[in-house]
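This structure is in structure tokens; I'll ask about it shortly.
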Amino acid sequence: MPTSRFRSDEPALDSFYFELSDKQLQPLWELHGLLTPTPRVRAIPYRWCADDLAKLGRRAGDLVPIDRGGDRRVLAMANPGLGGAPFISSTLWAAVQYLQPHESAPAHRHTPAALRFVLDGEGVYTLVNGDPIAMARGDLVLTPSWTFHEHHNPGDMPMMWLDVLDLPVVAALDAVFFEPGGDSEADRTEIPRSTAERRWGAGAGLSPVGTPDLPPHSPLLVYRWKDTDAALDNLLEVEDTNDVTVRFQDPSRDRDVMPTMRCEMRRVNPGTTTRRERQTGTRVTAVLDGSGTVVLDGESFDLSPGDVFVVPSWCTHQLHARTRLDLFTTSDSPVLEALHLHRSEEVDS
Amino acid sequence: MPTSRFRSDEPALDSFYFELSDKQLQPLWELHGLLTPTPRVRAIPYRWCADDLAKLGRRAGDLVPIDRGGDRRVLAMANPGLGGAPFISSTLWAAVQYLQPHESAPAHRHTPAALRFVLDGEGVYTLVNGDPIAMARGDLVLTPSWTFHEHHNPGDMPMMWLDVLDLPVVAALDAVFFEPGGDSEADRTEIPRSTAERRWGAGAGLSPVGTPDLPPHSPLLVYRWKDTDAALDNLLEVEDTNDVTVRFQDPSRDRDVMPTMRCEMRRVNPGTTTRRERQTGTRVTAVLDGSGTVVLDGESFDLSPGDVFVVPSWCTHQLHARTRLDLFTTSDSPVLEALHLHRSEEVDS
Amino acid sequence: MPTSRFRSDEPALDSFYFELSDKQLQPLWELHGLLTPTPRVRAIPYRWCADDLAKLGRRAGDLVPIDRGGDRRVLAMANPGLGGAPFISSTLWAAVQYLQPHESAPAHRHTPAALRFVLDGEGVYTLVNGDPIAMARGDLVLTPSWTFHEHHNPGDMPMMWLDVLDLPVVAALDAVFFEPGGDSEADRTEIPRSTAERRWGAGAGLSPVGTPDLPPHSPLLVYRWKDTDAALDNLLEVEDTNDVTVRFQDPSRDRDVMPTMRCEMRRVNPGTTTRRERQTGTRVTAVLDGSGTVVLDGESFDLSPGDVFVVPSWCTHQLHARTRLDLFTTSDSPVLEALHLHRSEEVDS
Amino acid sequence: MPTSRFRSDEPALDSFYFELSDKQLQPLWELHGLLTPTPRVRAIPYRWCADDLAKLGRRAGDLVPIDRGGDRRVLAMANPGLGGAPFISSTLWAAVQYLQPHESAPAHRHTPAALRFVLDGEGVYTLVNGDPIAMARGDLVLTPSWTFHEHHNPGDMPMMWLDVLDLPVVAALDAVFFEPGGDSEADRTEIPRSTAERRWGAGAGLSPVGTPDLPPHSPLLVYRWKDTDAALDNLLEVEDTNDVTVRFQDPSRDRDVMPTMRCEMRRVNPGTTTRRERQTGTRVTAVLDGSGTVVLDGESFDLSPGDVFVVPSWCTHQLHARTRLDLFTTSDSPVLEALHLHRSEEVDS
């Protein structure tokens, strides 16, 4: 006998609800919370502290072999509002990944896109479709949708970095595909400059002619801190502001680095308080350098190097820089914009 | 004291899991089913029969006043695989809406976009941002994201139609906004041709010069069955096939009618069996006319006029037309394509 | 011994000029008129009268066989300012073409694009890459760049129409290619609806799925007067103005019908005087119906059905409609816009 | 009495031709050479020798004051096929410009776009809309359409560079506008890095957020030789070829640096003979370094540093590098491509 989640004191209606249930139908007038004045966001503003991430990363390195499962030694930031789901928001996955010396994480590919941002250390290299990319502090490394990737730590020091994926979006769209790679290569000791950088990284506005067809993501797979740092300094020189941002873009086209994730680096001068604003979509921010405060929907969080915080959709956010703040932010804005669901506004204090 | 959903027989690991949980972190190696070889789709293939929809629509009309809640008398098709969620798949909402004679559904707007497809009857008109659109069998009517809309039935016959919304996508992206409208207008007895049609509907390739700025959706808000029917006949004449499809497009640009939903009308000649194929993303199909069979992941469903069926992501589908089939299909393909997550393939029988 | 077009009274300079000339160099300081405050336009505003065109077309029909040369019996409008060049302006070619009963103009193709606008009569059909297109009053027919085309008059009445080509632009870019066609087909007596119309002409926003790749021009090769006329009427109903314009567009994309020529139809209500304006680029206008006046750089020209006039670049123009004016205009605006050389402004009276 | 350029031995026709002439019409069948199988190109392949350009530039510097006329001390390369017109082809203007120590060329702007390529020397700076750009060997400097520009030589050495403009195209389209600037600034002794470079030149794929609206041309106004040189070296490392090319692009978008001109730098290894090819449109090439040969429509020209040669439309060209050749080429390809008139092919030897 069918049961229904809808009940009524009126017998005719109650019987009708059972019949609806039997035919896989539901009465809209008994459904609530579907169309809300502003987004009903389950994820809450939250900050993960650098010390906790570092300490627990090391513990994972000691306790858990890399091949225990999932091919990766990864600690996922689970937003307390999501009821135990391993996501930092309804649209993004964020995690720290830890590699011991002489370990490697084997090759695979998946439709969810990933980025790696290095908050500290160096020594690991990532192979993206076979192109080796050395990773160091401040570098942004892309492993876009459906590219094979593996991580190697040929050195004598462990290394940890931040991973962000669009996995919840791809899962919500029922579009997750996964494929294990073949045998991973043996560790290299010399990591050459990546082919991607030699083709696309020579300088602004210099494009190779006659190279392979462009993929749907940036053909440049790594953005080096030296360049980003210089770009921020240059902008502070020429713009009349204490708060500048550089966007990482596909150098071959007017697009974000990947179809689903925007990446930006922001530099806020000491003593500066930024505009109070909010927008649709999730922002995940990592502190590369500096200290200060972020206020998220009225709650204040102290910031130190290595901290990671999440700004859920439509949550107001405002920064105060005690020392010069360098912040890496990734967001799902390209998704919101592509679907014309992007809204943003400044919020009065 | 924190609890953890992860447990281990090894005391050190168990204690580590508690600590992770305390810091809102989760161990990837204990998470399963995140990255699957092919999409793990919870929605199942399913068909709602015209008779059930008609009968239960009428029952709702008799039992439930229009103002009971949600502003609309709507029966939502709840996919049996989704555990009680009122969605036809993880990305689309589909429902039948029923208006009694001389009833109206009041004005509101929301960021989820909606379309209305009329499987039978006539007499209702919809106001979209104040522009009146008479609705009749075979017509496709758009109420795009954030446009005010209200429905009026000034006649003496009830009317029912199919509603499809991208609500689950917009909700998953934490981007639902809703606003009630002002007072709805009184019923009109004369429904003029819509301004949208007079600006944009005169003929293929004729664009008004000097009209208002274009919205992010089609400025043409209704596609009339007479035109669609003729287009399908014309295509069958000039193409060497028994299976033709017309896509409803924004006449001002090379785009789908709305950023999140594709709409198509397909005509399959009697006796024809179509290619067996699958793709990422959900397809919702309504039978306007004809009879036949659809096979969804190996399961066969009979089709009659007014039936509605769902093809979840990566589900193989194949049609057989007993009589000439006219099928309206809407899908989330624009979303998958915008994010470069679209895959499709022909599947060997 | 080299000669130079530059001379100087100073012997050293004179000798230098000779040396420059010997090395194929020229001194900028002796060149004048290269960079002028506003465009130095050699073409002048001009109008060709319908009566002259009709009478001389008939005379050509009587005197000159179709195969005398150039494959076409065409009278080119030669702008009096261009020193004998057979062009209506520095960028466009305009002409009338005349076909006697049972004559045909053989197949060929060329990179210059052409359009045909029928000011009067009917009976001729044009084959574009083999697709037959019947031509009648008010119809716009495209024979885009590098499409084979031939004209047939199977009927008993002569017919004349307006041809406009982008020939001067293509010639200035050293990009003219020409190829004669194979044997032309025999006259047909029944002209079916063109394949192009059956694929693309069913209605606004209805696009065939699965048809051949799109060419760089509109896949719809003819725009029928019935549709254009209705579109203008509709616009006059919904817009608060006495002066409406419909642009002919590629129905598959947001583009002009061809990469080099814009086509528009304008309807001006009786008694209306339009804005006085000017823009870069040439406009060629033909009067389909109505009478009135056009003022071009201060000079007034009476307008009657069948008249053709040219508005050269940066020439001010203003219309006055005595009766309802229907005007077809083609321009090189897509060229100016693609190269970001388009300027337009309203000019105070 | 009207005269006609067309005559006939048949009195009726002769009289008809007079009448046509009187009405500003011309008979197509008497016009020849309008539609040719391949482009009828008046410009011929030609090379200007570095020594001649240097010697005559110096002579101009000695003989002609900067303010003699045209605001610039410029020697225009006049293609011998163009009957005395001061253009290097029907679409491009090319010239050398010479500034004595402590001279400056005053500010003005014009719709024709210009580029400056430095074949030797340094010391001059150009102000583009007030932004100072120091110029040195191998640098490409843009002064796009309608940007104010002035040149200053604050140093003690004269300097000469190559100018290329799209002037013939803009003139053919009747779209030349010119405006003198205000007072030029006094010479600076310190030339800072340009604002354009500090905003857009930090590195590949790093875009400033929140800067002024983008112009229709590259916001980066100079491409430095150090970067170009490195890009070519990198490409030679990763591509399996002896012949690599870098295109200068708008770093903010997938476009050429300006809407009308493409710029490329090519490096050909010693001993390499390139493919023999041709395309529509003009190419102007300057030898930055190296020696070799270019064969243009079968005629061989020796190449030395500082030489400039022109490849007219549809002229076959093939290079042989004796030593490593570094070649700067600019072309009107964006124009041909925008209008879908671009053709290219490899030509069998």
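The first chain written gets the first letter, and so on, giving A, B, C and D; residue counts start at 1 in each chain.
Quick note on the criterion: a contact is a pair of C-beta atoms (placed from the backbone, for glycine too) under 8 Å apart; a residue touches a chain by one contact, two chains touch by 3 or more.
Because the structure is predicted, anything quoted here is derived from the model rather than measured.
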item	value
Joint neighbours of chain D and chain B, given as chain labels	A, C
Taking each chain's C-alpha mean as its centre, the one farthest from chain A	C
Centre-to-centre distance between chain D and chain C (centres being mean Cα positions), rounded to whole Å	30
Intercentroid distance (Cα basis), chain C paired with chain B, Å	45
Mean-CA-position distance for chain C and chain A (Å)	54
Overlap residues in chain A, where contacts from two or more other chains coincide	none
Touch-based graph of the chains, sorted into line, ring, star, complete or other	ring
Pairwise chain contacts, counting only pairs that touch as defined	A-B, A-D, B-C, C-D
Complex contacts: residues of chain D adjacent to chain A	193, 195, 197-211, 218, 220, 223-224, 227-228, 230-231, 234-235, 237-239, 244-254, 257, 264
Chain D partner contacts - residues on chain C that touch it in the complex	5, 12-13, 16, 19-20, 23-32, 34-41, 43, 46, 48, 52-53, 56, 59-60, 63-64, 68-70, 72-80, 84, 86, 89-91, 95, 108, 110-112, 145, 167-179, 216-217, 259-260, 280-282, 312-314, 332, 335-336, 338-341, 343
